[in-house]
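I have a structure I would like to understand better, so I am pasting it below and will then ask my questions one at a time.
Going by the order they are written in, the chains are A, B and C; count residues from 1 in each one.
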Amino acid sequence: MINALVNRLLLSIPVLIGVVIFGFLLIKMAPGDPAQIMAGPAATPEIIARIREQMGLDQPLIVQLGRYAERLIQGDLGRSLISNRSVASELGAAIGPTVELMIASLIWAVPLGIGMGTIAAVKRGSWVDRAIMAVSVAGVSLPIFFIALVLMQFLGVTLQILPFMGRGGPLWTVDGLRHVAIPALSLGLIFVGPVARMTRSSVLEVLRLDHVRTARAKGLTERRVILRHALRNALIPVVTLIGLQAGYLLGGAVVTETIFSYPGIGRLAVGAILSSDFPLAQGTLLVLALGFIIINMIVDMLYAILDPRAQKS
Amino acid sequence: MSAVDAAAAVEAAPARRHWFVALMRDPAAAIAIIVFVLIAVAAALAPWLAPYDPTESTRNMMLPPVWAERGIPEHLLGTDGQGRDILSRLLYGTRMTLLIGLIAVVAGGGIGSLLGLLAAFYSRLDPWIMRSADVMLSFPAILLGLALVAVMGAGIMPVILALAIATVPDSARIARSVAVGVMKQEFVEAGRAVGLSDRTLFTRYLLRNCISSIMIFMSLRFGQVILLGSALSFLGLGARPPASELGMMASQGRDFMLFAPHIAIIPSLAIFVIVLTANVAGDALRDVLDPRMRS
Amino acid sequence: MKTKKTLGLAAAASITALSGAWASEINIAREMDANNYDPHKTTALAAAEILFMLGDTLIAIEPDMQTITPGLATSWEMSEDGLTYTFKLRDDVKFCDGRAMTADDVVYSFSRWLDPATNSPVNWRAGEVESITAPDATTVVYKLKSPFSELLYQLTQSFATIIDKNQVEAMGADFGIQGMNGTGPYCWESWNPRDQLTMTKHAGYAWGPDFYENKGEAQIDRLVWQVVPEENTRTIALMTDQTQITQYVPYIALEQLKSAPNVNVVQSDSAFWTYFIGFKIDKDTVADPAVRRAINMAVDQDALAQGQFFGGVLGAHSYISPETKDWDPALEAELPPYDPAAANALLDEAGWVPGSDGIRVKDGVRLAPVGYFFTGSTWQKLSEYTQAELRKIGVDLQIEVFDATVAWGKMATQEFDAFGMSYPYVSAGDALNLYFPSTNIPTPNRMNWDDAETDQWLDEGKAALDDATRAGAYSKVLHKVHDANVWLPLIHEPRTIVSSTRLAPIVPHSNYGAALYKGLDLKLVE
């Protein structure tokens, strides 16, 4: 397991370097003059020229990349062109809310999906199975913004039981929980379907395997067979799925955060890119890529825990 | 010659012969396919079917659909906030949305599968291709779309490009995993033994044996791509006004959610139906063609 | 069924009870956040509406946008040559941190505004300053190099907010980001960009402008400014009492909100914010005065105001609203009327011939001007409406849309034929001196309007020592630019405030569009 982790870490270095260069170049190609943006709408050409010099924008590209990398290594992500706040503090303020939103979404969606998938697999072919699968495929097919708008209308306006605007505070406070509820319901919903489908098919797969048959033959109850043998193995692909679908989750988070005015990193990234706030955009891209690497690392670890065979190899 | 025949025999799985018949025997799949085809045909015929110019605004704004109070038969699905006929925009919008999804999946899936097959075929290339795929995977489609929009400006092109690029690494992975299995089979050895060229082996055996799995992946991916594309459009990164695109229509409609919800709901439901039918059909196709591939 | 209902009601009550931690707290929804809250480094409306509450200016302006009234200064005098202004300050003013404000703070604030090192994009608003000095703790002498008849109006703007030298020096680049210690009725509590800015009432505040009924301490303990970019969300947040007041309500919702039982809608009588499309007059497509006149005759601004904005705005036929100080009513008869048939005839006459696609062509130039516009629903409505109207006279407006931050840079170039813009103003001079001097080419004079007479009249207006001279000079400029149809005016936007009936109704202010201005009349109904 340690080996696998070290491997992962080593492999992630080229990925990170690639992301840094990619982010740097992509943003450099974008239209819009950073100095102009920093100077604001009514700035004179002299002010803009002065800022350009201060920022080193008159240097060749490779020099700029070098300086950018140098500052990155020192942990300096620069300052936002628009707010002049340090990118690190902007990111720091936005990461927490997004992680909370994702946790609040997954914490109910994944168990529900696994439960639904397992039941469907066990009752394979029955109307229960068909119903669960129909619901799942419908869930997979719903646009996230539609779910969000409908939930907001229903829970927020018609019933008026939950707020739908901004963030109330940390997740562990009542206000924080209430505010994250509708966004987390929306975001989680798009995840229930894939998890249920994946669980069902992998449970079915596992039920066919030898050791499960043996367990059955030994006279263990069906419940025990499923919980102790089948489900554990069936969870492996589900865990992988969560890693693979992290991008999908993030896409959903961007839309959700936008609709509910939730101050997370998805909205920050969209705002930074759309407003050509180059340092902030680079920072968000980097952090999100890093987030992916971390998620996949966690997935690898879970994988090792769930699958004893992977530990040996 | 005999080696080729042997390989052909391996390749022809019995289930594939009547796959269409088998597919249509499943009522859900049959309905999904019929609905999807109807939608696609209607979208393709948008210029002839649409009662109005989709960009032409009238002074009749926010009319509800004909079955609601105040609805009029001139505008069957009502009008949007600019007084444009929703039915006409829906037809054109569906066409645009389907096109975006189709181009992205075919281009991205094609390139990705080719890379995946190459990785399986030439083991020297394998680490390079799969490592690159990993780098690409750390840029989720939505971010890629945002970044491309930052460079190219909002429009359909950056969205298609982003969706296509985002499809590349996944399809490379799938194609590789299928191809690695195929490569282990005897006929590849046999083909090499009788001196078939790499090119022949690659196109005639590897590709042919993997193509159904790749097609299944693409059909399953199609719905996801449509959803992602509509999310990008919803965020204001996709098609530019006055063009019609379903995600953009929904996005424009959300400002009217309170007073004229149909403006956002109709295109959202259209996306839902398209993706749903594509998913159901894709699932059924997979079950029929390749019962083993269930993930 | 019954239990369900009670559940819903109980929960609804708990939404409102959320603010229980404070004696009184209200939530203010707005569309966007400002880049920072340093008065010298931002021109955003979102910053002005905060700065007016956190800080004060020497003088204030009444809601009529004409009358200057005491603020931190109790009185002021202008010398006969119009070069020296002497302000007498109150002696009881304190910053939020408790320190007493003196004339030195005023001198520091203005000096920083003018200092080239500050890079302030708005320092022209302070005039050509010779020196600013403080002979004693309650006197400030403001000396100009040349007369500037706009000065008092400019000093009512948020850019002239008095700031705390100690804090600016202590915070450095973080001033206006981590905090902003002012003398206003509310004090900075915290800011999470693009999310929330919170402020608490300034205990001991007693120097509010005269036109407020309450000139003392604010009547709300805490204000939460919540950024809510989604129009629909802002509307339903109001209806469900998650926010109590906003000036950013979509026009479509106004009618319905007016009849909603728990919501008050108030609108300012006049509008000092105008949306227009400007033309680069040296571009082939729009260089012909006949084309610009025809465009002005082809767009029905009143129908635009009614249809797209549900009557929440006024159709604009002039470049500033007719209530503006120094507007010339004689001009009204000369403005081009809405008459598409005459517009078509005018273009025919000028030799612009419709091609096979209906778009007019002359000497190989297709009448397809490229217009640069901002993103957002307002400009989408305006630009698409104009596009549709112009198509009817054979003009094919090309709409290119940019996010605000990119748009400013794009609009400083020469690559477009037309541009969409909106702006707040206090007077004709304020508006004209911004857009029409040749020295302001390429931006904000994006029209490339280079006219010696205009420059001369603008200088006359600026240097004028009496109202009649100033109004006369600006009237000449107004006539000239309207005759040349340099712009296509679209709408004048009044300030509209929608608030919960739990709040006492408020008179919207128009200063720089900050409708709540100092927020002294924000009050919960008993």
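Just so it is clear, a residue touches a chain if its C-beta (ideal position, glycine included) is under 8 Å from a C-beta of that chain, and two chains touch if they have at least 3 such contacts.
Quantities reported herein were computed from a predicted structural model and do not represent experimental measurements.
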Original post:
Which chain's mean C-alpha position is the greatest distance from chain C's?
Top reply: B
**OP:** Would you mind checking which chain's mean C-alpha position lies nearest the centre of all protein C-alpha atoms?
**Re:** A
Original post:
Just curious, how far off is chain C from chain B if you go by their C-alpha centres, in Å?
Top reply: 46
**OP:** Can you check how far apart chain A and chain B are, centre to centre, with Cα atoms defining each centre and the answer in Å?
**Re:** 22
**OP:** Using mean C-alpha positions as chain centres, tell me how far chain A is from chain C in Å, no decimals.
**Re:** 39
Original post:
Of all residues in chain A, which are in touch with two or more distinct other chains?
Top reply: 31, 153, 258-259, 274, 276
Subject >> Where chain C touches two or more other chains at once, by residue number >> reply: 230, 236, 375
Original post:
Which residues belonging to chain B are in contact with no fewer than two other chains?
Top reply: 153, 236, 254, 257
Subject >> Of all residues in chain B, those that touch chain C in their complex >> reply: 56-57, 59, 61-62, 81-83, 153-154, 236, 240-242, 254-259
**OP:** Mind listing the chain C positions that touch chain A in their complex?
**Re:** 7-8, 11-12, 15, 18, 29, 35-36, 41-43, 119, 121-122, 173-174, 177, 192-196, 226-230, 233, 236-237, 239-240, 242-243, 375, 403-406, 408-410, 412, 443-444
Subject >> Residue numbers on chain C that touch chain B, as the complex places them >> reply: 230-232, 235-236, 250, 252-253, 256, 303, 307-308, 375, 377, 380-381, 384-385, 387-388, 399, 401-402
Original post:
Which positions of chain A touch chain B when the two form their complex?
Top reply: 11, 14-15, 18-19, 22-23, 26-27, 29-31, 137-138, 140-146, 149, 153, 198, 201-202, 204-205, 237, 241, 244, 246-248, 250-252, 254-255, 258-259, 266, 269-270, 273-274, 276, 281, 285, 288-289, 292-293
Original post:
In their complex, what parts of chain A are in touch with chain C?
Top reply: 31-33, 36-37, 39-44, 47, 50-51, 79, 82-85, 90, 93, 152-153, 156-157, 159-168, 175, 258-261, 263, 267-268, 271, 274-277
